[in-house]
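Structures given as structure tokens follow.
Below are two complexes that have subunit A in common, paired first with subunit B and then with subunit C.
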Partner chain A sequence: MIFSILEQALIALPLIIGAYFTLSLLKLPDFSIESAYLFGAVSAFLAQELPLPLVLLSAMGGGMVVGAMVCFFNQILHIPFLLGAIVTNGLIHGLTQYCLGTSVSSFHLAFPFNEFNLLAGLAIILLIFMGFGIRSQLGYSLAIYGNNPHFFDNHQLSGRYVLLFGVLLGHGCAGISGFLFAQSNGFVDLTMNFGILLLCLTAIMVGKFFLKTHRPNILVPLIGVFVFFSIQQLLLRMGLNLKYFNAFQALFILVILSLGHRKQTLTLDHLGV
Partner chain B sequence: MKQLIFMCLSLLLILISCGQSAGNKIPIAILTPVTHPSLEQIEKGFKQTMEINNPGKYHFVTYNAQGNKMLMRSEIEEIAQKDYTLVFTIGTLASQMTTEVFEKKNLKTPIVFTCVNDPIGFKIISSEQYPGGNVTGVKEMLRFEEELTALIKHKTDIKNVLLVYNPAEPGLQKDQKEVERILKEHNMTLQTVEAFQTNELLAKVSPFISSADALIVLKDNTVVSGLDILVKLCNRHQIPLMASDLDSPDRGAAFGYGVYEIDFGIEGAKKALQILVQGMPPGTIPITPVADFTLRMNPDAAKRQGIQLP
Partner chain C sequence: MQVHQLSFRHHKRASYFFRDISFDLERGKMHALHGKNGMGKTVLLNLLSLKVPPNGVMEGRIIGGENAILVNQRFDLMIADQFSFLENLKFACINRCPHPFSRLKPPLFYPDFLEKFHIDISKPASKLSGGQRQILALLMVLQRERNILLLDEPTATLDEQNARIVFEFLKTLTLKNVTLLVVCHDRELTNHFVDGRHLHLEMGATGLRRLECVFHGA
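Take a look at the complex of A and B:
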């Protein structure tokens, strides 16, 4: 059971780290992370003949393309972020179909090593880089932007680059996760991103519930994703009627929010993280 | 307030932990991708056939992924960890993901899949005659030639056919090409409308319906879910609606040509019984289709859609 939790958590870890950047630190209503996850898998699928590092870069690039699109809509065309994300999702859905040519495609990369080693190796690299990055000026810049988007403007600095960098980084991570999920299951599927946002929100909320800190901390997504999958696996083991799993997940979010964030004032755009 | 929430949660956990215990029964896992009447029929057919053959011998646990792939993966992990004697998977993605995960974990639990239209193409098996490994199952097959012949028989002056389908559903693009090929052979043209969600149907189909002589629906969960809209449009324009399943005539389609969904479950159960009762290795049991095709007609609906049945 522990190995299974570990495996699933490692697949989703890049996604949750990415979501932590955009949803929690930048405080963006970033629905397009679902598309970044999907398009990362699609980009890896398109690059499957290349060596593994290039496939990984392609997956990350796919996610970043989605991030660049939503930032373009928001920063250049001045479309509200939420609307930009919804528009991006629509565009990416069509683009994915065009790239895949069908709704489901088999995806098998042969590794000279165990797949779990890839997951663990990637997780360690991500945690080290993102862990340092998040405690540097970069992480704090993202958090400052999330708390007050006009802060940089007021100091004659452009906040646009902070937003762009954070979104690209977050979406790139989500793209890697999409690739790992597709590789692990053996196919890329047009609907593989459904319900991903709820997973991201729940995992980050759980992480924040356990780690009560106002500073950017890589442990938030790490703890969140492991606890999330532990709870999910536990519920499955206990025989929860999975017809009601989505309802249970929503209820879980409500409980976590009411227990941990009662004093936080949420605005219309905030997603509770 | 906090105590109250904790009490509710504890109560919930106690309730769900009071789940069914298998006892001495043979545990069988059923993996279904989403809640849907057709899939429920398949599950029912499987359980009933197993029970009829060996009453009270099996304990079924159904895992429903609710359309969420991440949840489906978690469920497969859970199935892999528990000592199920057999796993019954419904649909292409559930079957493909299960075989992939089991193969990577080197698990020998027999898998019986059903309702997969192209098991070789999706790399679930390598051969239909001799699937190999621990997998066998029931293939989904459609007979468009017969379906279209039945339609033409009742309306001889068809020139343009409108096909509404969701290209995101596995295998439907292949079906669309097949329908197009057959129609071409009959000197007919095909107009396709792609709809990803039921709420798109009215807007997308309306502009094309007046120029069509007949409307065809594939075995498409999305479009069949929104069939009522298509029925209304077909009634308004007096165009026959031909569905590729047998439940749609009850909902207002003039014709339905296909197999009973329950048969997929029954056929799957027969293969499961071959493994569990006769002790046959799954990999030696050939993949077979459900081939008992039937044409169902709804005379009232046909009349409303401009067809006079004898």
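Take a look at the complex of A and C:
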């Protein structure tokens, strides 16, 4: 059970870190993170003949392409972020169909080492880089943007740069998770991203429940993802059918938000994270 | 700051909005800019901070404009509410394109007289009074190493008590050699605190704005 929790948490960790950047720090209604997750897997699938580091970069690049698309719609075409994300999801759905040729494609890379070691190594590298980066000027800028997007214009700083950097980084991380998930399951599926946003919100809420801070902190996604999968495994052991798990997550979010609202322990924003 | 024969038109074919305006603002003093709504106070402040509106045509010379900064009337937009007073000051020192590997820098300008205004620097900005928040916004602007502040109705959204706190703060800034030009409709406040020029904007019969120096304080 512990191995299963660890494995799933390590697969999802880059995704939750990415979602923490866009949903929690930047406070963007980032529906397109689901597409970044999917397109990361698709990009890795297309690059599967290359060496592993390039496959990883390709997965990250795939996620970043989705981030660049949604930023282009929002910043250049001035489409509201949520609408831009919905449009992006539609486009990526078509692009995925085109790239895969079918809705499901088998995908499994042969590693010369244990797959779990790859997950653990990636997680450590990601935590070191992101943990340091999140305490930097740019990390704090993501949180400032979420708190007051007008701050940058009023101080002659580049808000567009902050948004772009945060979204690209967040989506790049989501792309890596997409690849890890596809690799672990042995296939890339057109619907593998359904419900991912709910997972992200739940894990970040759980993380914020343990670490009540508005300052950027890499421990929020880290704790969130491990506690989330521990709860999930516990519920599965107790007999909860996996097909009802999305509904359970939605209920969980509702309970946390309504309790926090009633006790006034949570300052709710439009995303609850 | 010295202004020589400043003229401005909103576009090439428009008639003059300002024509041949000249005045100077003595360093380390608080000056006031008066005028009814629509007289062009905000336009003048923008020009003094060298912000010419798109298609606008400016003539004349503004010496010291590069050291001037216009402080937004809506100071709430300048503050990250969830963070403390001190953190906000650090945020004002962030590079134009925030660096992913550099830490936040300590504030460049950190006055020693904050206790006088009962400011708890560890408190989130959202829990400060309106006056204290305005002081924070002003200090954040000063982190940019500008020594001329152009303030467009800095107390417009504040009650009498908070407005007075802000003016007392501004007065202490002049002791640090900061030059201020303040737009304020409260004559009582400006008469009490302004020790420099009182500039008055009026509209002539042709629509041309005239600037008069109606009083030169002590």
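Going forward, the second predicted complex is superposed on the first by the 258 of 273 C-alpha atoms of A that agree within 3 Å, B and C clash if a C-alpha of one lies under 4 Å from a C-alpha of the other, contacts with A are read in each partner's own complex, and residues count from 1 in each chain.
Keep in mind that, in the parts below, a residue touches a chain if its C-beta (ideal position, glycine included) is under 8 Å from a C-beta of that chain, and two chains touch if they have at least 3 such contacts.
These numbers were taken from a predicted model, which means no experiment stands behind them.
**Student:** First (subunit B), second (subunit C), both or neither: which does A:Phe165 touch?
**Tutor:** Only subunit C; A:Phe165 stays clear of subunit B.
**Student:** Regarding the shared-chain residue A:Ser4, is it in contact with subunit B (first), subunit C (second), both, or neither?
**Tutor:** First partner only, subunit B.
**Student:** A:Gly186 in the overlay: touching subunit B, subunit C, both, or neither? Say first, second, both or neither.
**Tutor:** first
**Student:** Which chain, subunit B or subunit C, ends up touching more residues of subunit A in the combined arrangement?
**Tutor:** Comparing subunit B with subunit C, the partner touching more subunit A residues is B.
**Student:** I'd like to know which partner A:Phe151 touches here: subunit B for first, subunit C for second, both or neither.
**Tutor:** In the superposed model, A:Phe151 contacts subunit C only, not subunit B.
**Student:** If you lay the two complexes on top of each other, which residues of subunit A touch subunit B in one and subunit C in the other?
**Tutor:** None.
**Student:** Which part of subunit A faces subunit C closely enough to touch in the complex?
**Tutor:** 132-133, 135-141, 143-144, 147-148, 150-151, 153-158, 161-162, 165, 214-215
**Student:** Can you check the complex and tell me which residues of subunit C touch subunit A?
**Tutor:** Result: residues 72, 77-83, 91-92, 94-104, 140, 144 of subunit C touch subunit A.
**Student:** With touch defined as at the start, can you tell me which subunit B residues reach subunit A in the complex?
**Tutor:** Within the complex, subunit B touches subunit A at residues 1-2, 5, 9, 13, 16-17, 19-20, 35, 61-71, 73-75, 77-78, 80-81, 92-93, 96-97, 99-101, 104, 121-123, 167-170, 172-173, 196.
**Student:** Looking at the complex, which residues from subunit A come into contact with subunit B?
**Tutor:** 1, 4, 7-8, 12, 93, 97, 102-104, 106, 108, 115, 181, 184-187, 189-192, 194-196, 199, 229, 232-233, 235-243, 245-246, 255, 258-259
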